[in-house]
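Have a look at the structure that comes next, please.
Per-chain numbering from 1; labels A, B, C, D and E assigned in written order.
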């Protein structure tokens, strides 16, 4: 058995992807549509304001393409908060016009591959700046008005090429190289890494944010050439969209 | 042909995952919803009390994410009990508001890899403590109020890396190492192992219970590095949720 | 090109898996349900009595889990008989309460790997006992009141491990070892082997029958360790259920 | 880059698989069913008579199992003819009782692997008999009243075993061996080979016709042992059915 | 880490595949169908005229086979334009008769493998002709009245054969060979290459245009033998259809 990395967790995350039932929307009387928008805006504003928990954050995004129309993303201290948020959406009048297209359950995580100082035995010794950096990773803010990209991923466990068989140091080196490439994009692309081992079908979820959608394409392409990814990365579906303020929900639905 | 392990079986298991039809729920008059809750609570309480069989256990869990809303888990002496429990659910008024999202059929099992004393030829010789330990594995109690994680798994039969081609002793060593890692989590994470060879699409089902959902993530991550898993484990979908008492069904459905 | 085995075929087989629409069943008036049961029982009894053909056999099974509710299995001399039986089911009032969940089309087969005497050039020379044994394999009886397991399978055609590249004698040896293991279960587990090359998506269908469902799990597990299976077997979905007499259809549907 | 074979194309092919909505059929008044049969027969007879194009051929088949109920097969000079035929079916009253289960788009093809004389530079030199043979392959007649088998296939492009990396001569040898085996079945099994590169999800479609359904199983099994198939063949779903004259549509639907 | 190529992007692309609900279409009164056609034509003409943006292009295609009936293709400067175009379609009366079958999101791209002069550090030095060539690739015109073929693709990241592990020069050589083969088809087949890394489930989308549908089959077949494809190309679904002017929408729907 090779050594697992130490990890620190923050908030649980629900990526809740919704399809709008456009046929029902077109057919509905104005009054019902207005009620759906009003209750939808209230739900989204309440959750962005985190009235349901002591801490956390939420946001809503439009999604391009057939895989979903909306992404509602919740980060909360417990799985129970996510379960409640997911069900409360269904009880709004907006819920009546949507179906859950897919979803992803995970928990924010930083690992000891690259932040070993943070995992030093004597907690007192950890630098305050580092503490804040880690805190920002596991209890992140979601940027306004930016493009979002979500995808789940695994580290390969092939018959010949197997991440989990590598010695810790080799994995740490690969992750350091990966992090270096990602850091070059600092200021242009932000990312949230969350673990889904035991929680959902892939091992991690990655959520990227960028002001320019081409930067999303470019960072995913560039990272595909680093050794941690080219040899060991396996990917699920990619979703792309853009954050909007809850107050714009009506404009979104009206096209 | 390499030697198969000896096994001992206990109860048959049905993981019955259900989707709530939230559109129908929202549209239903109060009286119908109350009836659904009443009949649902009665069904769940009766099955938790095992009024349908001489022995066994049942529990209901909320499930986070789009893969299901509820998990009803039944353990019973025969497949026939599971078949009846599955159909009786459909005949409740609660059944009207749910569809079967997916399910899993298996039978609890302990194997001779790590408990060879138990499989000694002379049954008399088996220690009473060991007998009770095995009995607890194959006729388990389900812990109250805890998080649950279910996933199905296979042992790899790759062209090069093939569990079923390994000599018995090598498999026993790997399982011993695996068990050692799992045992470190004793008191924090409980597990039920059930075999589904010939019963469902994967070879085993694993059901984990923990008071802290992060422990579920952590044990699944740590185990991924032990050799039995890193080289030989293949996994299906992961489901995560939390047990609740039947009396809370109404609260769950009302959000 | 390596040498294919000789084969002898018997009856064509349709495994017709049906989902019950429990919502429609619950909502239907008693009269309609009674009619569905009456027409369903008549259909099943007529087909078990093989009123539609000169020879063959049929049976109905309950199925545990979400993959299906009922399995209706028909064995008949021609594909045309299966096509008619499949459509006639749709025309019963029971058809109204079911959808076809999935199905499997195949033809019973014995191969020359293990019964080469049977395939001797001079047909006269074949022993009468052997003839009857083969006849029992390709025109089998379906046991009453037993558990059933169905799964489709392929022989692996991997880049390195390829059944179809092995010399005939090696395949024959592997099949002999496989048969020996299976024979140990004689009296406890019966099996029907049917070929689906050109007829359905896998190469063979396997239907097992056993009085004790644990024996199904045990034989599938034990066979997984023989070389023909560990290296060369690939499997589709597994279905498990239990035969019941047509007259019990109403009891089944009423839960 | 290894050398591609020369090819000659004939008619475009649509395999249009249809599911009958048996619930709607059972519930429909006689008048509507009669109209569906009348319009269905007219559509099928018109297309078998190729009233929509200068040349081509069409046929209708019943299909056994859940993958489809009917296969309507059209061969025409252009993709546009197929597009029109596909849509016109939807405008018949029969269309109301069916959904498109799946389909396959391809174009008949012969390749220079085995018929290099045909691809000689000087067209004048090509033997008239060979021309007619090729013409029969790419503008085939569909046999009456026979069993049909359709499946799509690829040539393997594995990491180690890769058809497209083989030198032309090696591919030609393999195809010659394949053709030899297939020719042994001449008179018992006819086949149409059509290419779907750029047109559908696999590289080729294969349509087999035989008076005895066991011959379909036997040829597919025997071919699986020739080197072109055992090492390089990859297969999609298999569909099996039987041709019937359009006038029998009503009898088919009535069971 | 091997060196990624430089890239230049142009317009974002939405391939919006739509299924027509033929049952609803047949059942609709003439007035509703006329309104659907009128609003559909207006939507398509407005988008072909790019009234919604400063630049871009759109086109509509019929699609053969069950995977879709219509393809509406939009190229626009931003993802937001695509999101709006997608939703506006849903708000037309035509939207009522269609469902989104699938879709693909990407952005046109040229890479530095074969056009390194264009990516020279001193932009002034770039030849005007080359600039226009590149501009034509990333801001393409869509040809009238031609057959279209769309498919998504990846470069293989296998355990042994891994595009992303190759040195830049080797990849550049392979792409040069690939480009040479493609260029032989100049005048007969046009292609649009768009990247979907981070935007959709595959790495690139390829859209081919040809006056003769056989040329689509032939180029895809020929390219399969070049080393960049035979060893490194992996493909998703293939869609084939033909462009038509918006004014012909009614004729298309009426069959």
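Convention: contacts are C-beta pairs under 8 Å (C-beta built on N, C-alpha and C of every residue); 3 or more make two chains touch, one makes a residue touch a chain.
All values reported here derive from a predicted model rather than from experimental measurement.
Colleague: Would you mind naming the chains that touch subunit C and likewise touch subunit E?
Modeller: D
Colleague: Where the CA atoms of subunit A average out and where those of subunit C average out, how many Å apart are those spots?
Modeller: The answer is 46 Å.
Colleague: Centroid from C-alpha atoms only, then distance subunit A to subunit E, rounded to Å. What do you get?
Modeller: So the centroids are 29 Å from each other.
Colleague: Can you tell me which residues of subunit D touch two or more of the remaining chains?
Modeller: 159-160 - these are the residues of subunit D that touch more than one other chain.
Colleague: Looking at which chains touch which, would you call it a line, ring, star, complete or other?
Modeller: Graph shape, chains as nodes and touching pairs as edges: a ring.
Colleague: Under the stated contact criterion, what part of subunit A meets subunit B in this complex?
Modeller: My answer: residues 1-4, 7, 9, 12, 14, 16-17, 78-80, 82-84, 86-88, 90-91, 95-96, 100-105, 107, 157, 159-160, 162, 164-165, 195-201, 203.
Colleague: Sort out for me which residues of subunit C touch subunit B in the complex.
Modeller: 20, 22-23, 25-26, 62, 64-67, 147, 149, 151, 156, 158-161, 177, 181, 208, 213-214, 216-222, 224-227, 229-231, 233, 236-238, 240-242, 252, 254-255
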